[in-house]
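Got some structures for you, see below.
Common to both upcoming complexes is subunit A, partnered first by subunit B, then by subunit C.
Here is the complex of A and B:
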């Protein structure tokens, strides 16, 4: 069984690249996060935990965490919920299910930056299609809704520049873009559920659709859900394109959309404050890696029990 | 039982009328969703065909009236007003290509995405083969390294990568756009899982025939892996054609290296009221290749994009 040492040549490039491109940068970020390094300066001062202290005490970074977690907190449940809902509806259709699948998947394929620019245009306060469509509803029954009546009297919201609406609007676009992806994952999960389980559940007295969902569909989709939630979290943590397209400077009205990726970009690339950027990077990595480990743990636990 | 197996999972036998009611409600909900999903696509395509005044007044339906309008920029250049009458559709799309070197941006996009995919394969395939089919000291450790690296999203470490690239003077080059993506840990993992399913007999037979390990990878393993590679290729190309964050960081001034999203962003930066039409045309041009490819080969695309779900 003595073989050539071919494997060395096969794995060496991959190992080298993994170390240089993925591991070394983490080390560099970790070290820099304790300094006040900036590009072009000959050296850097060791500042200890000062960068982290700033991140956890200054109000700018408080806004960063609020914006990031609001975004993730809105986008993850909605993309997962709508993805599951769409998948269940489409799966139960007799006809035309492929058309919906195609349409709902379109936003996943389109460059988010391009679509963000289009959305900005659609949401434009005077010439945008959204507000002009909403205005046509004025004078109808919709005015029974207080918010609608008030908007008709004055103006419909400045979706992207009003600090009460900005983060929700950006989150809406995140949902718009992401739920089709989850739908497809759930559809794959649904097709792999054995039919016999539904018959068995029916024999056990699960008469209503809701009972069958609770008894069979939802538990069987468990692994899919764990995965869908994790990947939605990781993707929404990384939101950048829409924020940069709408607010190239400053992160939105009163920094209400100042998400972490944008903060890294602004601090490190725009302002050349590498130390603080590196500290945000490390915190960010911490979140993302913890999420993935949690997912793996959940999946493995299931596997052991099954 | 066999007759039951082709029945949909939730068949309710309560008369045709009731059945079609629920079906209708489902369609109503799904159509409403589809309309919302399609709004921006409608806006994009429709406005790419409209004149500035139609855009400003929100008239003209889907295609615009396509009436001639005066191109003020052309008049400013000293031409007679009669010579400057243009059709909105033609004006928007020609301006998209003339105002910025859009063709060059598209070409850059193609070069970058294809190079990334090619290098990912060249790096990942041999590694996956060695992990799946060769026995050697340290294999488990390397696989553990792969599993650990799966945890790291490249976007998250963009900052240190940027510092490293600028230290070696590589920012504003094609290399900067490509290097961070040359290693796809996910590709290694995926290919390894795939190769595990390839029977050893196939490889042994190839060895008997005197093939080197090297040619086994490219002449035996590669052909068996085509479906998986195709799916992975779609995954990779879509991600990097649409990527905006990384190019934004490493390409700072040199317009010649702009990828399509960067070009569009630049366009938006200096767009005034008159240029919404051409801007939407640019957006349409950038989005269209992948959308068309997706519509032509939907199943493969969905497979490729959701590959990450097969772990």
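Here is the complex of A and C:
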């Protein structure tokens, strides 16, 4: 048999592009992370693990990790949970489900940068709609709540510029923006569950909605959930636009919103410290890689029933 | 163990009427088959019995209790679905355990990890029940596998096991064999009938395959367009159909239907041949039905139809000849033995004659016309019957 080399020509363009635009830049970043290179410098000093040592010892980067993991830790469970909840509710509707779908999906479609500006207005301490609405509640039963009473006495929080609130506010906006996307994924997952399984569950004596959810819905959504969680994690690690829009000066009050993507941007682009920026990038890639491997393992081991 | 009776069951989906006032009594321990072409409402009727579908009118009564408003989980019926509907994330043993757990254990006893510790005895008892059922169905080696790792036949057994394990008052089966290959289907047919005899529980079985209905059931209900046309034992449904549609649906190859005539005395004939039977009254547009096994090859002469063989179906023990008669205006299917048909090939001229007394007459509206017992025509038959015997 004559061996043809045609297959090389079929895969070559894809492999070439993958090497040039993905693997080589990652390799360069990895190399740069061991130097003190700056853009424009003719050369660079080899500094070994110094950049990494800084990242794991200096308090700025400790704040970076705290902010990033707080954000991921809040946004991922909430977007997944709310996405699933909204999908289940919409799936149970006979009418108006399209309207709800559109409403919940709108924030996903909107440009986050533009939405950040809208939120900035809404959360403005004096002219913002959020605090003025909250002020309406003063003098009512809501004052039984200590926090509310104290806020009425003094002032409602400066949502975006108080270091105790800033990261939670940004996370809230992340949830608001993100769960519609998960809802759509879950809706697709729900429609693919065979109806006969619910009938079988009913015949088997699953009387409550919880029993049916536990026996059919949740296991059958397993593959969707793994995908949704992975996507949500990666998207949360990547959060940048809201932080850049709210705090162009650098990471929010006391660097409490100093998330990883913003740190990379600030170090490598604004301060032209390529070495340290590359080192954060490599750590970031490490997290994403771990998530991806975990997803692959879960998909192959746990949720792939066929 | 219970009788199931349906009274005046009707069902419409929007403007589409699917079932028209069905009355049906299923006896305790009976194997009843609902058979009909697709879209006749048989599956809907089964789902109404199960409670998965609410009837538009009428009531369902199980074991003397009106269950029309009772939810499926509380009717104590078990159902085997066409797609088997096994839980894909659970092993066969866990699948079979599910109905037991949901019925016999409390919320906390079902709790993962904690439950088996709290109620170890109960869990072991359930496991024993599963093992026992698995033994009956011979699926013990499959208990630890997931449905995805099973073949179609094994899945079918697992689904059966899940239905059997909690000893329901009746089994409902919605075309459980239609996803199996032909050989396995024939095998499972016998096995299901045996299982029914062993369990002695009521079976209600839905199928579109008349062969399944004929081979397995104690009684079969032939359904069409939302009505039960005939409810009787398989022998009578086949040999004495009440309606032309029943006669055409049951039996393979299909019954031969020819236009017939009745003279003023009610003497029947078709294509100029006398049937040697008469009917009461006179009717127009009569159809004569003759099953393929009631036609035989004969010599030319009186009482024989001559035609040309157009197609030969060789089934091993039987050979079916498709014969064009009356210059191709009608086609008959006749059964022959391999010995008789040995010399016959396509395009050969043949003569076929009917076995006397086997023809059936149907009115234009489809219902059966019974022959009158006494008459000039019937007096001729005894000697002919002897000839056939």
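Criterion: the second predicted complex is superposed on the first by the 287 of 306 C-alpha atoms of A that agree within 3 Å, B and C clash if a C-alpha of one lies under 4 Å from a C-alpha of the other, contacts with A are read in each partner's own complex, and residues count from 1 in each chain.
Basically, contacts are C-beta pairs under 8 Å (C-beta built on N, C-alpha and C of every residue); 3 or more make two chains touch, one makes a residue touch a chain.
Predicted model, so just to flag it, every value in this text is computed and none were measured.
Enquirer: Does subunit A have more residues touched by subunit B or by subunit C?
Expert: In the superposed model, B touches more residues of subunit A.
Enquirer: Quick one: is A:26 in contact with subunit B, with subunit C, with both, or with neither? Answer first, second, both or neither.
Expert: In the superposition, A:26 contacts subunit B only.
Enquirer: Taking the superposition as given, does A:261 touch the first partner, subunit B, the second, subunit C, both, or neither?
Expert: Once the two structures are laid over each other on A, A:261 reaches subunit B alone.
Enquirer: So, A:207: does it touch subunit B (first), subunit C (second), both, or neither?
Expert: A:207 sits against subunit C, while subunit B stays out of touch.
Enquirer: Where does A:199 make contact in the superposed view: on subunit B (first), on subunit C (second), on both, or on neither?
Expert: So A:199 meets both subunit B and subunit C here.
Enquirer: Touching A:215 in the superposition: subunit B (first), subunit C (second), both, neither?
Expert: second
Enquirer: So in the superposed three-chain picture, is A:67 touching just subunit B, just subunit C, both, or none of them (first/second/both/neither)?
Expert: neither
Enquirer: Using the superposition on chain A described above, determine whether A:13 touches subunit B (first), subunit C (second), both, or neither.
Expert: The first partner, subunit B, only.
Enquirer: Show which residues of subunit A both subunit B and subunit C reach, each in its own complex.
Expert: Common interface on subunit A, subunit B vs subunit C: 199.
Enquirer: For a test of understanding, state which residues of subunit A touch subunit B in their complex under the given definition.
Expert: Per the stated touch rule, the residues are 1, 3-4, 6-7, 9-11, 13-15, 17-18, 21-26, 28-29, 32, 39, 82, 86, 89-94, 96, 98, 100-115, 117-119, 121-122, 127, 129-130, 132, 176, 180-181, 184-185, 188, 190, 193, 195, 198-199, 209, 212, 224, 227-228, 231, 234, 238, 240-241, 244-245, 248, 261, 264-265, 268-269, 274, 277-278, 281, 284-285, 288-289, 292-293.
Enquirer: What does subunit B use to touch subunit A in their complex?
Expert: Checking each residue of subunit B against subunit A gives 4-5, 7-10, 23, 26-27, 29-30, 33-34, 36-41, 43-44, 47, 55-58, 123-124, 126-127, 129-131, 134-136, 139, 142, 145-146, 149-164, 166, 179-180, 182-183, 185, 188, 212-214, 217, 238, 241-242, 244-245, 248-249, 260-261, 264-265, 268-269, 276, 279-280, 283, 286-287, 290-291, 294-295, 298, 301-302, 305-306, 308-309, 311.
Enquirer: Over in the complex, which subunit A residues touch subunit C? Could you list them?
Expert: Per the touch definition, subunit A meets subunit C at residues 194, 196-197, 199-200, 202-207, 211, 215-216, 219-220, 222, 303, 305-306.
Enquirer: Which residues, counting only subunit C, touch subunit A once they are in their complex?
Expert: Within the complex, subunit C touches subunit A at residues 50, 52, 71-74, 77-79, 81-83, 85-90, 98-99, 102-103, 146-148, 162.
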